[in-house]
Amino acid sequence: MSKVFDYEEVAKHNTAESCWVILYGSVWDVTSFLPSHPGGSKIILQLAGTDATEEYDPIHPPGTLEESLPSSAKLGTIDPDTLPKTETAPADDDPTDTGPPPLEDLLNLDDIEEAATKQLSRKAWAYYFSASDDLATKSHNNTAYRQILLRPRIFRDCTHCSTATTLLGHSVNIPIYVAPAAMARLAHPDGEAGIAAACARFGAVQVVSNNASQTPEQIVAGAAEGQVFGWQLYVQTERAKSEAMLARIAKLPAYKFLVLTLDAPVPGKREHDERSKNIGANLPIRSSVQEGSASTTSPDPEAASAKEIPAPTGGVGKALFAGTAPDLTWATTLPWLEKHTTLPIVLKGIQTHEDAYIASRHPQVKAIVLSNHGGRAMDTAPPAVHTLLEIRKYCPDVFERVEVWVDGGIKRGTDVVKALCLGAKAVGVGRAALFGLGAGGQQGVERVLEILKAETETAMRLLGVERVEELGLQHINTRRVEQEIYDGPANLEGPSLWEKASTAIKAKL
Amino acid sequence: MSKVFDYEEVAKHNTAESCWVILYGSVWDVTSFLPSHPGGSKIILQLAGTDATEEYDPIHPPGTLEESLPSSAKLGTIDPDTLPKTETAPADDDPTDTGPPPLEDLLNLDDIEEAATKQLSRKAWAYYFSASDDLATKSHNNTAYRQILLRPRIFRDCTHCSTATTLLGHSVNIPIYVAPAAMARLAHPDGEAGIAAACARFGAVQVVSNNASQTPEQIVAGAAEGQVFGWQLYVQTERAKSEAMLARIAKLPAYKFLVLTLDAPVPGKREHDERSKNIGANLPIRSSVQEGSASTTSPDPEAASAKEIPAPTGGVGKALFAGTAPDLTWATTLPWLEKHTTLPIVLKGIQTHEDAYIASRHPQVKAIVLSNHGGRAMDTAPPAVHTLLEIRKYCPDVFERVEVWVDGGIKRGTDVVKALCLGAKAVGVGRAALFGLGAGGQQGVERVLEILKAETETAMRLLGVERVEELGLQHINTRRVEQEIYDGPANLEGPSLWEKASTAIKAKL
Amino acid sequence: MSKVFDYEEVAKHNTAESCWVILYGSVWDVTSFLPSHPGGSKIILQLAGTDATEEYDPIHPPGTLEESLPSSAKLGTIDPDTLPKTETAPADDDPTDTGPPPLEDLLNLDDIEEAATKQLSRKAWAYYFSASDDLATKSHNNTAYRQILLRPRIFRDCTHCSTATTLLGHSVNIPIYVAPAAMARLAHPDGEAGIAAACARFGAVQVVSNNASQTPEQIVAGAAEGQVFGWQLYVQTERAKSEAMLARIAKLPAYKFLVLTLDAPVPGKREHDERSKNIGANLPIRSSVQEGSASTTSPDPEAASAKEIPAPTGGVGKALFAGTAPDLTWATTLPWLEKHTTLPIVLKGIQTHEDAYIASRHPQVKAIVLSNHGGRAMDTAPPAVHTLLEIRKYCPDVFERVEVWVDGGIKRGTDVVKALCLGAKAVGVGRAALFGLGAGGQQGVERVLEILKAETETAMRLLGVERVEELGLQHINTRRVEQEIYDGPANLEGPSLWEKASTAIKAKL
Amino acid sequence: MSKVFDYEEVAKHNTAESCWVILYGSVWDVTSFLPSHPGGSKIILQLAGTDATEEYDPIHPPGTLEESLPSSAKLGTIDPDTLPKTETAPADDDPTDTGPPPLEDLLNLDDIEEAATKQLSRKAWAYYFSASDDLATKSHNNTAYRQILLRPRIFRDCTHCSTATTLLGHSVNIPIYVAPAAMARLAHPDGEAGIAAACARFGAVQVVSNNASQTPEQIVAGAAEGQVFGWQLYVQTERAKSEAMLARIAKLPAYKFLVLTLDAPVPGKREHDERSKNIGANLPIRSSVQEGSASTTSPDPEAASAKEIPAPTGGVGKALFAGTAPDLTWATTLPWLEKHTTLPIVLKGIQTHEDAYIASRHPQVKAIVLSNHGGRAMDTAPPAVHTLLEIRKYCPDVFERVEVWVDGGIKRGTDVVKALCLGAKAVGVGRAALFGLGAGGQQGVERVLEILKAETETAMRLLGVERVEELGLQHINTRRVEQEIYDGPANLEGPSLWEKASTAIKAKL
């Protein structure tokens, strides 16, 4: 029988010499673990002597404690009556608020975000909302859609309308998927499994984040018959860990494809996230997909976060980058990956026509995702709309060779339709799903999908289109965006890099 | 002699089991009618046990009650002394307001809208003001005019200036008509007949909405000698109803042409309207032009409104769409229509040069209206200015084959003049007329027409133009807009749809 | 000896039956004059029974009373002790203001306007500030300059810099002139003569408004040796009046040229001005240059103001337009004018290259002024910068045939320099001079000229230019504006009007 | 032993007849010096009878007093207990502020500026912040970078990343240098030497201002081994002074090159600076690099400030311009300079491709700096991004003949990378360094460099680039800016000036 502690006793052990924390009602002595904590000892010490459950829970998947600490570290249980009262301050703390509005009153994705902003903790909000530098690309991702006009046709029978399509050969009900975004439980206890349940209801694909806050097994445990999942992969510097994860995913048939994320080999600079660090947003976390206590990831929805400004010596920054491999190349990574998986490969993070071209010449690549990481990697990177138009301009056969997916900036069904008109096979929503989760758990995600589906159908009907395959360039006016698309002839430096690259590739093929 | 009820008694019958309402001083038992109410029972139940006259009156034309309910449902009359006092809250409820300003102090259409906003109920305002999604097209409709510059000429004798012109062969005093907009009595008791009286005074054409809040007969009852009306037609799924309406209109010689509305086969998503639903804006209504109690329309100024996000099962949404036919086509609808009317046909809702081209090849079409439904159907649809320029660019002979009218975004006489310079024969104002009605009834509509006429004359004089026929491309600079017009060569999908369509048409002719 | 009245006695005569007013300390019975007052009786009746001096004085030149009324109408004098105290509310009535700042603290023309706004009466401010409709052209006049970039050169000896140039053969010290703007005494008692004194100090040309608030003789009475004035002419419907005025000007050798204003044959719609009507801004006025009591002008700085929305019958509007001739033409007006003056003729109000071309083919025209009447005539008319570029594009030899002056939107010396680079020989400032007058009388106007001259010199030096003649297209980058210039080929209506016109002209020559 | 004065005694000597001031605890009689003070006597008289140390110190380098006054003028010392308490009001005086935030919490250059704004005196802030006229060019300098998009590449090994490069043959660790900006001690006592220490830590070049607030010797006294400095030169009207300075610099081997500033032959009009004159910002100053008491410069970071609006007679303005030579030319200045220095020459202030072309044809010119003086000279001058693109368009071989540096508008590492992609060899930061100094002295400057270096590395890695030499046009999309670049064919004035100039030059070579 375990010993019962008073909070007053625990509170005394708040130093590096003797560091106790309360987790899920138990008292743990983590003193010996301090030096090996992936995110450094400082973060634990900030919580030393307190109940750290609230901070710990949403960012550590089940089993983390047991994997990391010997059973002897569990000293006993806490007397709950001795715990101080806690207060949680939501991001938008308006005393006149009287709880969240009913989901049915949230009419669009902005409403959803607003409602979630009032529900989420400040740190979760900062984590989801943030993007690089001045948020120029995050904003441009959306405004690029708004610059495109739609061309409604008349006298078209729009009695019937279907958003059904196929992705990598799998039938789906909507051309909208949930993009990989980390740590869903920061938003709501329903977590990634809640997103999965919502996707099941709408026949939508879900790409699970490499840094999910639930295990890959938990997320697909309740999957519907035929429900399709993708698994997002960040290649680890220690390739063996990535290989082990690939083996683990191989045992879960719900995962139908791999999404290799390439748009954040190093973290962007997300200042909203940075500024909330004192309230915990930057707590390095133990993702569900890491094997062993030494691996480290951070609370980026997709990639490893990091202290943005490494000290000139580079010490701290280097430590935090540990884990995610920055050395991927066309020549080495895809061959390695093929050895360890039989799943179709999707490359995420294409931002130029050159890379789209090269990818389309690699037979093992079945789809590419035009993405700038939701504006969280390079600020002033082009929005997916630009890359779609660039591919159209320079190498349109890419659309015939691989499926082209896009993410970033989708807020309306008209945005979905515009992407499809430009050649996209599917559009991903990341923040919207997380804000849906924040606004109402699984039901909130369903509301997001319901809104987007209905808006997409209305737009299709008004265009006089019955099936998504019919959508094409004749339905849109892109004049305003075309004037801003990369224009090769301005490149005066000789043959562009992609030409050299494609020559090399062709030589290989 | 009818029984007299106390309000307290009526108030008890507020359930689906026993549902009474007070209408025009009478007490009705509508329990048996609940299942067949076009808008569903819920809306009636919200008013169960109360005096529903204020909500009912402005959106149901005379005769609706008698058509829908047996005389036995009329239980008696209410003792007016027992009624509770009611309060009406205008849209802009500023306690410092001291009533509306004199109409002569309203100098432009923005002033008119501002004054109306203070007079209208919140639900009427939301209904008139709203447009789809983010209001991008509603705004663009106006800003597209402002991007065009006028080119005043000197040394022109501008002693005389006439805005007179002809529409479909009928002489009119101004090239401005009142576009079809539903439910005028929401704005003011003068209703559509008040608009008619104002039009008479200015020699302007009025196109009466399919969903008017007065009967077609009432509206033209006081028509002036030679006054010209058009009738707007939404084709009903039950064609027989539309045919009956055509027969009814045929008996009213004031109606000189038919306007077939095509730009809203399904309703757009109007969130301002949605958000006011709890105060009644979305009450499904019994329009004056529907035959029989089963038909349903809704309070869209032009088309059927609907709950925007159909439940995934589609049940509610489908029910609300009922009535307006979504299956119109070039091949079937025009031949059918010709069988049932001898009036000239105007097609409203053209938004591409392709559809303008096709329409101009149908001999029975005498005019087309370039319209995006006031921004209420597809958001990010092109403004009429774009479509005018598109036609000029691709198929300018359209202007010689049919009259081209435009609506949407007109706020100034300079806007009117610009549309005419681009080839429009007339411009329609919808919201402006309704806001005029809201600001001052018939006199408010007159003020709108007076302002636009005077501004148009001033602009013509400063251009050195005496008659509207003289206005042409030499009077405007459209460089800024031209750069945003749809540009065919971007269509990489093979021959454009209109080419195929026109080939098919030509084969027929 | 005249009778002395108490204010109480005068105050009783406040009706159309007996209407007295106090003017300059005298009591006048104006009852019999009411029907013939140019602006209608209503305006006088608003002041009936009161001391109207403050409203009357700034807008009636000396001699008006005596011309209009018989001496018997002067009943006597007022006992000043019986007058009520008056309050004047400035346009920007901030109780924390402690008087105007010293002129030397006003660093730019915005400062000057801000200071003047606090000094001027609301009605004077509205009158000067207002422009047509939405003020789009007033704003564009300035932003068009800001869209042009300057191209500073290095290693140029800028020890010396001279802004001197010639206008119509007369030497001037700066290429900046004061444009004709009416009723300067509304701003300050120094009036037009104060502007003249300021111009003398800076060697600047002044074009005196047709509707000046001082007589032509008064204005030039203190002229410096060699000081150059122009006289602005609005042709009156009664040509004899204009002819008399030309004869009067001919006797004043300081007036070296005539400026025939053509950009406002009818008044624009200036709503700021309209809205201040209740406080007197629209008082029809007795301009110094009208002969006889029947002529009417209004307080437009340049042209006749009018109630913007004529009643449908047109009665009131027509009455107010009376006076200024709307029937000027190339064929009739210039020949008539040549008969009645020997002065060089300047045509003001050119807004298209067509009219510039035609004007340049008329040998009696020595200069043209590209002007849209300060944005007060046609809203969305092109700024002078556009017309300059249009002429460069279509008919650059205009610059060799006539002097091209511009006005509108000048706020900085860089604006002056840009206009000169584009080919302008001089730039006019209208509102700036009036605001200078409002901010500090003659010294305020001097401050305006001092600022513009210094800024112009700085800009010239930084461009490496010593004399204004050296300024050219190589010193500016107009890419952003060029994209918005009228583009002939868009004119699909056959040969443009100017071609026809020039053919006709050439046939004559 | 010196006499000790009470403050009360000193305070009596506050007139032109007897003028004492306290400086560094000593009491000086400066009565006889009043007429010869470079900035005029008025400025001293404002401080007469007070402790002027605070105003005097940051803008006068050591030795100034001793040079200017005889030792007899030092009357004695002040009894410090008698001095009144002083208060200093920072620029942004928010009583809720609780001191500056830790430097590590300042995440970007905007944060740095905000923190500095709260630390700096109003006059120092105005002096650093100000730019010409409407600040259009200051703003454009930055927004031009934001209009350029970056093109991240995938599958690039970004393990290694180096910002090292060479400038004029000298190895540096970052392609960012501190641009010459005057009077650093206004911001912080660390002054220019503090900037030098920060540069040493980051391996950055510092260009020392001609108007530094420390002597050239002091600034390089603590230089690190191999640290590189440049010396900014304004040529004085009295060439002998400039020659003496060149001789002095020649003795300090840390100065490796000369930067001849050409973009401000006359001062721009900086109104923020003007408006703060009453609190001392415009105090004419005794720069460290002037020899003898008669020379005058002013507190422009780079050039001589001046009363912007010279009196019409030009007297005051002329006096203040004294010192800096406005008569530099290609033909005379470079040959003269070559006689007096052996250092490589850098020309600063190129704003057109013509001048870049000419400079590149002068063999003694080793680098050019595209600069508009931080927007402080000509307003609406082009940003460096424009000039880079202009050179690319007209005469790209300039990049092969000379090093091209840029300054102005740099706020982000992405801005740095964009400039390098366009061909710049290095980018300078002026205000950022001064605001860093203001925010935290030497450490603040280090923070600025740390942020820019880290952001630059992140941007390089996301582009897939390891060394700065690899950056090229293929990494950027400049479509939006290209549309605004000067376009030769618009020059209709015959052969452009640069052609003539280059012909002349070629003839010489």
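Lettered A, B, C and D in written order, each chain numbered from 1.
Rule of thumb we're sticking to: a contact is a pair of C-beta atoms (placed from the backbone, for glycine too) under 8 Å apart; a residue touches a chain by one contact, two chains touch by 3 or more.
According to UniProt, the chain labels map to these proteins: A, B, C, D = L-lactate dehydrogenase (cytochrome).
Since the model is a prediction, treat every value here as computed from it, not as a measurement.
Engineer: Any chance you could name the chains that touch chain C and chain D both?
Structural biologist: Neighbours common to chain C and chain D are absent.
Engineer: In the touch network of chains, how many steps separate chain B from chain D on the shortest route?
Structural biologist: The fewest touching-chain steps linking chain B to chain D number 2.
Engineer: Would you mind reporting the rotation angle for the C-alpha fit of chain A onto chain B, rounded to the nearest 5 degrees?
Structural biologist: Answer in degrees: 90, to the nearest 5.
Engineer: Please decide if copies chain B and chain C contact each other with the same set of residue positions, more than half shared, or with different positions, and reply same or different.
Structural biologist: Chain B and chain C contact each other through largely non-matching residue numbers.
Engineer: Could you work out how far the Cα centre of chain A sits from that of chain D, in whole Å?
Structural biologist: 45
Engineer: Averaging only over C-alpha atoms, locate the centres of chain A and chain C and give their separation in whole Å.
Structural biologist: That gives a centre separation of 63 Å.
Engineer: List, in ascending order, every residue of chain A touching at least 2 other chains.
Structural biologist: 483
Engineer: Would you pull the chain C residues touching chain B in the complex into a rising list?
Structural biologist: 133-134, 136, 262-269, 271, 274-275, 308-310, 312, 317, 326-330, 333, 347, 349-352, 354-355, 372, 377-382, 386, 483-487, 490-493, 496-497
Engineer: Per the contact definition, I'd like the list of chain C residues that touch chain D in the complex.
Structural biologist: These residues of chain C touch chain D: 105, 107-108, 146, 148-159, 201-202, 392, 396, 412, 414, 450-451, 453-455, 458-459, 461-463, 472-474, 477-480, 482-483.
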